[in-house]
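Order of writing sets the labels: A, B and C. Residues in every chain begin at 1.
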Amino acid sequence: MEVLAALNLGEIAQTFSKMGMFPVFDLAYYIVSILYLKYEPGSVEVSRRSPVASWLCAMLYCFGSYILADIMLGHSPVDYFQHNSHILLASAVWYLIFYCPLNLFYKCVAFLPVKLVLVALKEVVRSRKIAAGVHHAHHAYHHGFFIMVIVGYVKGSGVALMANFEQLLRGVWRPDTNEILNMSFPTKASLYGAILFTLQEAHILPVAKSTLILCFTLFMATSKVVMTARHSHGSPFALIESWVCHFLFGSALGGGEEDHHAAPASPLKTKEELSEGARKRKTKKAE
Amino acid sequence: MEVLAALNLGEIAQTFSKMGMFPVFDLAYYIVSILYLKYEPGSVEVSRRSPVASWLCAMLYCFGSYILADIMLGHSPVDYFQHNSHILLASAVWYLIFYCPLNLFYKCVAFLPVKLVLVALKEVVRSRKIAAGVHHAHHAYHHGFFIMVIVGYVKGSGVALMANFEQLLRGVWRPDTNEILNMSFPTKASLYGAILFTLQEAHILPVAKSTLILCFTLFMATSKVVMTARHSHGSPFALIESWVCHFLFGSALGGGEEDHHAAPASPLKTKEELSEGARKRKTKKAE
Amino acid sequence: MEVLAALNLGEIAQTFSKMGMFPVFDLAYYIVSILYLKYEPGSVEVSRRSPVASWLCAMLYCFGSYILADIMLGHSPVDYFQHNSHILLASAVWYLIFYCPLNLFYKCVAFLPVKLVLVALKEVVRSRKIAAGVHHAHHAYHHGFFIMVIVGYVKGSGVALMANFEQLLRGVWRPDTNEILNMSFPTKASLYGAILFTLQEAHILPVAKSTLILCFTLFMATSKVVMTARHSHGSPFALIESWVCHFLFGSALGGGEEDHHAAPASPLKTKEELSEGARKRKTKKAE
């Protein structure tokens, strides 16, 4: 019975890892990403003033992971833009979210039950991207373990890692913080995921890749859905990180996030916390 | 008679599109580009304090389009610097414009009739670059229409698209504006030109490439010569853009330029308007 | 006798130029580089708050030259990270310098006699990198003399040329100065060295490469050891530069450095002078 159960799980994992992302999962990824762009202070104004800049920001939000990974591996940064159907779909989502009459499309996708489903689907894409990034890096550098982690990390984090420059495109400049100095949960999880997938690719972690993809996806989807439902930014890693960092680095990591409660005037708020406040104000304006 | 006229026009277009740009047209491009660099506030001081930084800025102004296009296509950003004669010619122009005794060279090329000829010749080079950029992108990505537009766009716009970072090299940082957020006429025209050349390359626009190059060059040269003669920044696209953007995006585009008259304190002046004021002050100083 | 002396010098130069840099010389390079990182204001705080950001900055300090050279030549910027042993060694140095109990490792390597030896060894690596950079560029572009100088220059200067962005990673933004606008001695020397090695590669300078490497290394090591021992930033080039720049550019170059004494409030202090003051304050704190 256990063997049968294991075979079934293995088959489920295999099927899941071979599932195509386009168009359903990718569509969810674009919708959630451009939703987060709309939450950014000033992005609506930019969409009125300069649609080209707004479109470019939306493309960075949707395809930033591919752009960064291609830069890391020395390929053309706009290589992914050869997939015309993907770009057209993302552009359609951008147009509907920013310019749909009566803001109808935005209201549909921001409706919490719908949003939770989309967030879960987005995490499926993120996990798949991290695995693919590590695999491509392994293909280029068979023993380049640091490179595999870096490429997997940028594939998972996407535009967050170039937030300073994406904001610069919108005329915003906030040099006091960045996603590496103050990691939000998705960025941290992408780093840990990249490390896990690299260990698996190097045959140090004795699991099948499809099983790891399934487990990591389930973890990410569950965490993000719970965090989105609760409007919380508490990281599931906080406890382990505090302990490990205190031991290795003599400090409590996640200080950036916990300090948010202790010192509300701290300039080192994570991007999520700043967006949260702006989002609430914007939601009231939009209604 | 009409057939003969068409054949002649076709031959003229063919001859024109095959004409070599080096050294006459390229020389005009370098002179006008480095003139604009000299108009930038603080550039003369930088040329006294750090000739290396000044030379590097001049090279970005002259070859920024090649650098950006090479970055977009994943090639070496300094690939164009293998053309030693081009670099030497641009360096000679830089030296004469910034360090010629009694500012003689600057006064010659800034003399309006001479400048108008040089501006027209520069637009010949710009148009050729856009066409070449779209062609190279097509060669790398046969169906990458977005990539063709992007590469044609950066070939036409050149250093304007990296203005923030070129200014950073001179110790100036103005994050509130950039050439995508507030497009000047040449940058807009480069975008429209890139779209036209891409449609032609994809056989959607039923014209010969040489004819398109000729027509686009005539349009660009005429517009820029008129705008330079009148010291105006009014874009010929303003009316159509307002209509299209109001229809598509629910706003009047070109608001950035028109607002210059309504709100002189607006931080979103285009680079041209800011340079215009600085140029007038600088011209008085230089004389 | 002279022939024998020349043969011996030639052999010494040959042996010296073939000497492996890893692990002894590279270790010295990593220690001195990360020491300079520790001197930077705020870097210790960053190491407590975000070890990932701190590690990344340390990697930029150690391998910035390879990253920049790979970017210039259109290769993967993280190509050098395939050398796992080098990355692990640099990571170990970073850990010991920032997190060693009682700051023991830092105190050992900052002890002046030890530091002088390490500084000398670092200059051996710098000179070798410039020569290798010029050679690789020559291999890619046989007549690309400007490209050879550029690549040699970035190989020698390393992280200094991307200081603005390395600081941005730590949440610091100082756009008023950069290493090209205000060149410190190592950056200037890297430029002159790159020019010399290019002239040698182009057979214009009639010396053997091994001899040039030996002479340039001796010059760099001696200069840096003397400057470090005296805590001075006076450049040995100052006199010749003033004369040449006054003749060519009508100004006294090195104005940025000399002005430090005339106008202490000048915002254009070199990075070394700013670090010097911070280092003294930090040394007192650390003890």
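To be clear about the criterion, a residue touches a chain if its C-beta (ideal position, glycine included) is under 8 Å from a C-beta of that chain, and two chains touch if they have at least 3 such contacts.
Predicted model, so just to flag it, every value in this text is computed and none were measured.
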{"item": "Rotation angle superposing subunit A onto its copy subunit B by C-alpha atoms, nearest 5 degrees", "value": "120"}
{"item": "Homomeric contact subunit B-subunit C: same or different residue positions, threshold half", "value": "different"}
{"item": "Geometric centre distance via CA averages, subunit C-subunit B, whole Å", "value": "37"}
{"item": "Residues of subunit B touching at least two other chains", "value": "74"}
{"item": "Subunit A-facing residues of subunit B, complex", "value": "71-74, 140-141, 143-147, 150-151, 164, 175-178, 180-183, 191, 245, 248-251, 253, 255-256, 268"}
{"item": "Of all residues in subunit B, those that touch subunit C in their complex", "value": "46-53, 56, 70, 74-79, 81-82, 84, 87, 99, 168-173"}
